[in-house]
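Both of the next two complexes hold chain A, though its partner changes from chain B to chain C.
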Partner chain A sequence: MLYLGPAVLVMAAACLYPVVVAFQLAGYDWALGTPWDSARWVGAQNFVSAFTNPRMWSSLLTTLLFAAVCVSAEMVLGIALALALEHPVRGMAFFRTLFILPMMIAPIAVGLAWRYMFDAQFGLINAVLKAVGLSPQTWLADPTLAFIAIVVADIWQWTPFVFIMMIAALAGIDGSVIEAARIDGARWWQQTMRVKLPMVMHVIAITLMMRLIDAFRVLEVVYVLTFGGPGDSTEILSLHIYKTAFIGQQLGVAAAVSVLLLVVVAALSWGALRLSNPMKGEPP
Partner chain B sequence: MNRRDFTKASSITVFGAGLPFSGAQAQNRYAKYAGKTVVVSVPAHPHYDAMQKLLPDFTKETGIKVEIDKIAIGRMKDKQLLEMAKPSGDYDLGCYIVMWKSEYVSKNLIHPLEPFFANPALADPAYDMKDIVPIYLENLGLVGGPKGYLAGPGAKLYGLPYGAETSVLAYRRDIFAKHNLKPPENYDEFGKLLRILKDKEGIGALTSRGQAGHQVVHAWLLHLNPLGGSVFDDQWKARFNDKAGVDALKFLQEVVATGPAGIAGYGQGEANTAFLQGQAAMYLDSTSFAGVVNDPSRSKVVGNVSWALHPKGTRRASQSGGLGLAIPKNAKNPEAGFLLMQWLTSKAQDKAVTMAGGAPMRNSTLRDVDAVRKYPEFITFVEALKYSNPDWRPIIPVWDKINIQALGVGLSEALTGKKTAEQALNDLVPQVTAIMRESGYKV
Partner chain C sequence: MKRHPGLVAAHYSMLCVLAFLCVAPIVVIFATSLRQQVDIFDSPLNFIFMPTLENYRAVLQDDKLDRYLGNSLFVGLVSTVITLVLGCMAAYGLARFRFKGRTTIAYTTLLLRTVPLAVMAVPVFLIWSEWKLVNSLWGLVLLYVAVNLPFTIWLLYGFVLQVPVELEEAAAIDGCGPLRVFTKVLLPLMAPGLAAASIFTFRIAWNEFILALVLTDRQTRTLPVAASLFITDIGVDWGKVMAMGSLIAIPPLIFTFVAARQIITGLTAGAVKG
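Our next item is the complex of A and B:
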């Protein structure tokens, strides 16, 4: 305890302080650019304002759909890529580097790059569609297509994260276990589904949790790509919070929505950890 | 001239005339601040790119160093609010969009300029306030008058225009000549031209902004004012869903239908690019666009563009807006910040920034022989300024919220076909009214 104490205190201060402040802020009516002294205590009023706003609920639904589609696709693609590249093949170092590049790019730059690629007039995507004989689309001007655009950008950027986590986990599997399965007659598919993936399930759970948390916090790419539009079709919750805080100047209401976001993410993370919790079952 | 116009003109003239003579000649107003550094918050914007080219001369002349904090225009307000809320901020001078002026003043974040101009140790006696385009000075600088943002009793100067603009119509004279067309004089002709150009030329007729948020509202306001509409009536009651509002939105829907593909997702950059790359025959936007049209590195239409007045609807009207400069209350070097602002907005430097690709804010520059030779479109711009309406949008402290969170979403839904023009505007009335009530307006 003596050794752990300082670290626990630092962690508690760093992690809990912002959460406590968010809860405190949710009880005040305060606009950015005004002194804190002018903030007015309004109790639960901000929660009432936030939760009676239909835009907040439509934003939550958009976020849930966005997170479900993105995280599912990223997990499947990331695991598949890791399985495909786990064995030494010619040029693998190149491919591994190539795959993790998107993750290293600043989200604002990712948003801008995809904004140009989805441009209806001059974008690469429409150029490809034309080249294969399909009609070009107004990607960012149509509610459904704009949603697809933000999903594609997120999958492109974050699949490499799943890939890295999984390739590291797969590298840690004891080769003799796989060898034993192979001798017992297990095919590649059976080795993968019955042996490899169950053995790395704790990494899958943690990766899933981290991606879920990130998918709920994504802001910059959507900000640049669509600014929540057309209409509010791509206004995910973090953008709704941003607009409420910085444009609406309702920091208290924004903090109240942030608390809701925290609850949703905590519930989903708890669900992800129930798959396989690496922190459980450790020897005392 | 009616009574209101007289009051407006008088207040600007009296205020402007008094300032330069309020102090004695300053011997060397810069000496005290030589060696200090002025930190300026500016957007990534062609006018401020041009401004940066002048700064070495300022440092050479005054000994005051300048540090620029350049940021995307959409993110500038967040950072400025955070900076200006601190007891001592990092900015000594800041650029703002016209829509923010009332909010900054209501939050007591920027200095009134009168004490600076009245200080003989700082004010340049040769500074000609009356030469600044009056509509720019009113629109960007004055806060506290009628409606809270117009010239008249109670109005005080809080900023100076720098990157100001009005609306004009850019059109491709080669395409118009090919089809024997004339630039539209009024909205009837304008509406008919959209279809004609689309059908005859096969490219977009008119490019426009359209992205959800400020961009789509900007595009709609461009048609609302000339068609006789406004956002509120004189009692601050929403009236934007009346016939003029619906006509303006229907016109914008037609612009989307006949324009380059994807307007409903266009920010200013995409709208500019469509015209510059030859994908649209017309562009109704601001005078600040003129600089890039003539830049061969960015434009494929150099030499093929002419300019016309904003077409007349039920009235002749041009936009007023753009950017200004103000001094934060928590600036570490407010006096040095003022000296830079005064220098940048002087006659000589206004011409210099214009010749470097910026937007003029002085009558002397707009009529300068060298400037007009380089930018013949200034002749049209001067004419457009006669019709520039300082009440183009209600610049009240909550306008940004109404603009982006309410109108910016509802209008966007009308452009994608999710709602009809009438439905979108009617649905917005309760939202806008609720925001106004929250802000203390009795509506």
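Our next item is the complex of A and C:
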């Protein structure tokens, strides 16, 4: 096809091909800085070393915990705020503009801002703690607190996304349905739980999938904020891949872990696609 | 239905608190970039200080940041233009024609949207080395076009579908060639979609860090990579780093204030109708 040709060619060469090569590389022993010709085929060896590495498992666990905590907090907060603030008011467009700022700014800048705020010596957060009489914390030097820090940064960045999706969905509900429920004597809580939320369940499901997919792709904010530390307490899977490849110099093993991450994300994407297919209802 | 004034007041105060939470960390970036080194050691709650542009002067002159700023602008703008042209064509082809392999292409594109960039880092490093594209800005452009096309195609696909075919046919009967039908009929109607697509593409190309880190050197670094190199174990020169952070944050901030509506269209596309 004349129209699709160029786009398909570019995507195949620079997006699909690298993914295929990731699978291929997972079977080779290849050290960083050596020519590709010196790489050796080692079969499943890389998967064995990746999966027997306790650091990989703790990284996988950290990633799952990170995704679970962040996404559930963002969903609950975003939906609750949208329900509280769905009533259209003057100036909402301006507030919405401010709300999308956290997700438009570079993740690197987001990481910098939070690293500075969590800084033990100069940070805003410790200064506020001191001002209200609480003891300051060494946020980024303590495994639990550092994990809380990356969760806080993610919640700050992405709760507005859930909020905006939900506001848009709630605005799309036919007002007469709510009116009918009200006349039938449904109280606010019943209207919300029995009428409104079921009517936007589709959007909730898609938003949840989109957030989950993105939670597994997070890398840059954590790179700047903690670089996985202290120890490996905040080393999420994507950061683990980067470190294995470009610091540990084991490209093959990194590719093997990449395949694992890819499978997780692909499964989630497939689910998202089932929920929201832009080609739905078209003749094949 | 009139709402109780107290309820309205509560509504606005809640919006203000949320807005404050969203904006505060961004304000911190800019405020810190305007502080002198001595003031940074002062309490961060001390909001009164003599603003200085010294940090900006230092990063632009001493640290050759002007070069990285140029790299970032080049990569961002060129990737955006190419992505839009290719994306427009592909969206049009997908929406208007039925051909063999259409569904395969469509579904592959949809799935490629979500590939984690960390997964691509290792293979891209190998492939780009083979193709002699490492340390070249065009290498980055190729990559950013490829990773942005899936989203762009699907966003624009929705917009093409909304344009009735009859409109194109009418223009064709009136004597418009295919190119003029495209530019005079379709493009104006797709303008909001194009705006959203260009903002999202530019944002990724401008903000992207991990692949740029792997694929660039001293000459071809982009701003986010340069900023990350300022964080060392010995300590962080916060004034300078935040000056870079501000430079990185400015274009997305401008876009957001100019085109918030189009951005929200892009964010909610597919999931929420209307």
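Methods note: the second predicted complex is superposed on the first by the 237 of 284 C-alpha atoms of A that agree within 3 Å, B and C clash if a C-alpha of one lies under 4 Å from a C-alpha of the other, contacts with A are read in each partner's own complex, and residues count from 1 in each chain.
Methods note: contacts are C-beta pairs under 8 Å (C-beta built on N, C-alpha and C of every residue); 3 or more make two chains touch, one makes a residue touch a chain.
What you see is a predicted model; the values in this text were computed from it and never measured.
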| item | value |
| --- | --- |
| First, second, both or neither for A:F147, with chain B first and chain C second | neither |
| Chain B versus chain C as contact partner of A:F122, first or second or both or neither | both |
| Which of chain B and chain C A:W158 touches, first, second, both or neither | neither |
| Greater residue coverage of chain A in the superposed arrangement, chain B or chain C | C |
| Which of chain B and chain C A:K243 touches, first, second, both or neither | first |
| Chain B versus chain C as contact partner of A:F47, first or second or both or neither | neither |
| Chain B versus chain C as contact partner of A:D232, first or second or both or neither | first |
| Contacts of A:F66 with chain B and chain C, given as first, second, both or neither | neither |
| Touching partner for A:L251 - first (chain B), second (chain C), both, neither | second |
| Chain C-contacting residues of chain A that also contact chain B | 122, 246 |
| Residues of chain B that touch chain A when the two form their complex | 77-78, 81-82, 84-85, 103-104, 107, 109, 210-213, 216, 260-267, 270, 273-274, 277, 279, 400-401, 404-405, 408-410, 412-413, 415-416, 418 |
| Parts of chain A lying in touch with chain B, wherever the complex brings them together | 31-35, 55, 119-122, 136, 138-143, 146, 226-233, 235, 243-244, 246-249 |
| Complex contacts: residues of chain C adjacent to chain A | 3, 8, 11-12, 14-15, 18-19, 21-23, 25-26, 28-29, 32, 40-41, 43-45, 86-87, 89-90, 92-94, 97-99, 103, 105-127, 129-130, 142-143, 145-147, 149-150, 153-154, 157-158, 203, 206-207, 209-210, 214, 224, 227-228, 231, 236, 238, 241-242, 245, 248-249, 252-253, 255-257, 260-261, 263-264, 267-268, 270-274 |
| Touching residues on chain A, where the partner in the complex is chain C | 1-4, 6-8, 10-11, 13-19, 21-22, 25, 30, 36, 81, 84-85, 87, 89, 92-93, 95-102, 104-110, 112-117, 122-124, 127-128, 131, 156, 160-161, 164-165, 168-169, 172, 203, 206-207, 210, 213, 216-217, 219-220, 223-224, 237-239, 241-242, 245-246, 251, 254-255, 258, 261-262, 265-266, 268-270, 272-273, 276-279, 283-284 |
